[in-house]
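Below is one structure, written out as structure tokens, with a few remarks after it.
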Amino acid sequence: MLESLKREVLEANQALPEYNLVTFTWGNASGYDRDSELMVIKPSGVTYGDLTLEDMVVVNGNGDVVEGSLSPSSDTATHLYLYHAFPEISGIVHTHSPWATSWSQSGKDLPALGTTHADYFHGAVPCTREMRKEEVETDYEMETGKVIAETFKTNHLAPAAIPAVLVHGHAPFTWGTSPREALYHAVVLEETAKMAAYTNMIQPSPAEISPHLLDKHFLRKHGSNAYYGQSGKENKV
Amino acid sequence: MLESLKREVLEANQALPEYNLVTFTWGNASGYDRDSELMVIKPSGVTYGDLTLEDMVVVNGNGDVVEGSLSPSSDTATHLYLYHAFPEISGIVHTHSPWATSWSQSGKDLPALGTTHADYFHGAVPCTREMRKEEVETDYEMETGKVIAETFKTNHLAPAAIPAVLVHGHAPFTWGTSPREALYHAVVLEETAKMAAYTNMIQPSPAEISPHLLDKHFLRKHGSNAYYGQSGKENKV
Amino acid sequence: MLESLKREVLEANQALPEYNLVTFTWGNASGYDRDSELMVIKPSGVTYGDLTLEDMVVVNGNGDVVEGSLSPSSDTATHLYLYHAFPEISGIVHTHSPWATSWSQSGKDLPALGTTHADYFHGAVPCTREMRKEEVETDYEMETGKVIAETFKTNHLAPAAIPAVLVHGHAPFTWGTSPREALYHAVVLEETAKMAAYTNMIQPSPAEISPHLLDKHFLRKHGSNAYYGQSGKENKV
Amino acid sequence: MLESLKREVLEANQALPEYNLVTFTWGNASGYDRDSELMVIKPSGVTYGDLTLEDMVVVNGNGDVVEGSLSPSSDTATHLYLYHAFPEISGIVHTHSPWATSWSQSGKDLPALGTTHADYFHGAVPCTREMRKEEVETDYEMETGKVIAETFKTNHLAPAAIPAVLVHGHAPFTWGTSPREALYHAVVLEETAKMAAYTNMIQPSPAEISPHLLDKHFLRKHGSNAYYGQSGKENKV
């Protein structure tokens, strides 16, 4: 069942330590099949080096396991909520990568300080509000997805234009049209989060780049007028 | 004698450079056998790559060598004091890992700024008070253990809930139910110490996470209601 | 055509990830043949590990491809402008290396804080002014080259004495008498940018080194009285 | 001639990139034979990976080459001055390692903020005063040695108790009773310089450790009452 998607999800998970995005088992990747409304996700607490195709867990929209002998990631309900809230995405990556997690811990949005950021994120990457006591104590993982969706709705942000979020006091989630693209965005987010912190070190409260520079860089890589990369190739990632 | 524990202690010591926790010989791991009241510990000043099973030193409760031809770690008396003071632990790791050591040098507790911290430490990791002249000059290593135990007692902290300490002006100690778990906590401590410093860079004096988020993350990994990982497996590490 | 230059350009591009100067495809190296007025440059969006000699793109002074089946780097017009404006250079490297990019994001010149800097840059590495809306929206890449040339002209800087620039809100460009020398300067720039930020951490607003120390170090490596390295060898790089 | 010393000097130079202390050719190690009053030093501008035993340069007290076909390090006169000024040393290492160099650029002494520092340096590692115009312009490298010796004399510091210095606006030199020990101290200096900067990040203007803790740690590793390591072994390094 969903062998091709399972392989993509497996590979995205295996890539997390290669890109230095995770310590121990602190991260997970998933993929979503919109036809069958099934999600493939990493099993909980299993080391990346030990993962096999058979370990991938398939769950339905309620989070019930429909294939696989292991328990799915404890963050399963967050992933599912995001796939339902953001119809344009088919892959999600969650990590505790150090720089993006530190921005999450600071409670601040990650500002667009340069063109590296603008090449992938069409504006600041938002940090959610703090989660309330009742949200944490009841259906915590589902509520995490809900507060992410709320952040995008309240701020009129498009998930395809800003494929990442910082969960307050927790860590980042990134997404894309495939597990591979979500992974790509996780790497970009960590790199831009690092450079934004470095910039803070050099110049406290640095200015965001101009709207025209933000637009220029985002749109030369994305959309119908993109001209970066080789035509006919997947240019964004 | 204690061959299985010796192997665990050897492996925990060998893992210290693999996890980038030590420079040269700046760290040691030990294990404690509560039945025989004997401790296995790294020999002093020996490089990790050169360590063999036979090099492991077995000492009794007074720190006398009962097996092994090498001198035990110069921190032996600290380890022994902690095994006596904290009956729930059977493994200890001491390193001068850069970020945790820098927090020790700052004299500040390591605050719980995010869920990565909360997944393993149920509150701030305390920094001890400065050691007094007479404590340093007489039985220094034993007194180091004593000031750690005092810190936990004075602040009503449970060693199982906060398996780490920062010794003022010195460096961290971590512990667990095995040498392997103590090693795991040493890696976690370094990672959370790093991210707390990064968070400080981004947002001076950042807020600690809420008590409900702290409880949620610690308790979904620990205790009778834990649901992280695969049931029946060792979920915490 | 230009096989030797192509090889040099290929090798400079392949070295970018080895020196940790790039993530994904975030950088490019080029070489210029002043006799034929042709430039060899990396193709756009191709991974360094996949590059072959045949992939190198040859373009003329208008940026038209005269050899090669792939599209040239999206930064082609910037490279060409610089070769025209700075007749003494024959190699250019552009990266988004983290520390130099962070200085670019800060909008500040990189000051000469030590002799490591003075060994290669005879003064501060300038940051350009912000680019104007119309410059960004029309012929952006060419205008990027223009603002770099303007920065050197306005500040009476010699491209051979300061073989690097920080583009405001974007990232660095470095150059030299060959692609290999441009690469060398990209490594040096990243290292000095890192150390300048570290120095800021230790001592806010640190002083620049004295003019005599700046001259001494630059001139013992460059010019007719240089005495660093082995005589008869390429000493600067 | 001096084959054993040459091998030690070769190995210390080769270890510089392994310990991440150098970029390109930015560092050199030397050894001194007090009987013959000859110094063995790295040739100038040669890459560490290319060095052979035959490349080592032997110079006399005037810096004249007495064996070897290559030019000696441009820092030769600094090394020679230090061997003459500090009779207790027989090995010197100079690098531009990032953290120690950043402290040199800050113009500040490296304070003893923890026991890692105290294990090797019996007090702050001093930064020299700025060098004067005439010192820089005439016999610069010799004058560099002179200002180091002046720093130790003026502040009543013992080179054996503090085997390192930060040259203002330049970079560190470390030394020891052998090239290997000088190398060891270069690694320690970089690590303590890093942790002191990290500590500054966490707690601006952190306090130095108490005199009793400084004494305790330095003296448990050095001198007649040392008890760290295995008796009869070289315990300090």
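By letter and in written order, the chains are A, B, C and D; residue numbering begins at 1 in each of them.
Just so we're on the same page, a residue touches a chain if its C-beta (ideal position, glycine included) is under 8 Å from a C-beta of that chain, and two chains touch if they have at least 3 such contacts.
This structure is a prediction, so every number in the text was calculated from the model and none was measured.
Participant: Among the other chains, which touch chain A and chain C together?
Facilitator: Expected: no chain.
Participant: Going only through chains that touch each other, what is the minimum step count from chain B to chain C?
Facilitator: When the steps are counted carefully, the minimum from chain B to chain C is 2.
Participant: Could you label the chain B-chain D interface same or different, taking same to mean over half of its residue numbers are used by both chains?
Facilitator: On the two sides of the chain D and chain B interface, the residue numbers are mostly different, under half being shared.
Participant: Give the rotation angle, in degrees and rounded to the nearest 5, that superposes the C-alpha atoms of chain A onto those of its identical copy chain B.
Facilitator: About 90 degrees of rotation relates the two copies.
Participant: Between chain C and chain D, what is the separation of their C-alpha centroids in Å?
Facilitator: The answer is 33 Å.
Participant: Once you find the CA centre of chain A and the CA centre of chain D, what distance in Å lies between them?
Facilitator: The mean C-alpha positions of chain A and chain D differ by 47 Å.
Participant: Residues touching two or more other chains, restricted to chain D: which are they?
Facilitator: 196, 201 - these are the residues of chain D that touch more than one other chain.
Participant: Every touching chain pair, please?
Facilitator: Going through each pair of chains, those in contact are A-B, A-C, B-D, C-D.
Participant: Please give the residue numbers of chain A that touch chain B in the complex, ascending.
Facilitator: Residues 23-24, 26, 43-46, 70-71, 74, 96, 98-99, 101-108, 130-131, 133, 136-137, 140, 169-171, 196-197, 200-201.
Participant: Using the touch definition from the top, list the residues of chain B that touch chain A in their complex.
Facilitator: Touch residues, chain B against chain A: 113-116, 184, 187-188, 191, 194-196, 198-199, 201-203, 206-207, 209-210, 212-213, 216, 220, 227-231, 233, 235.
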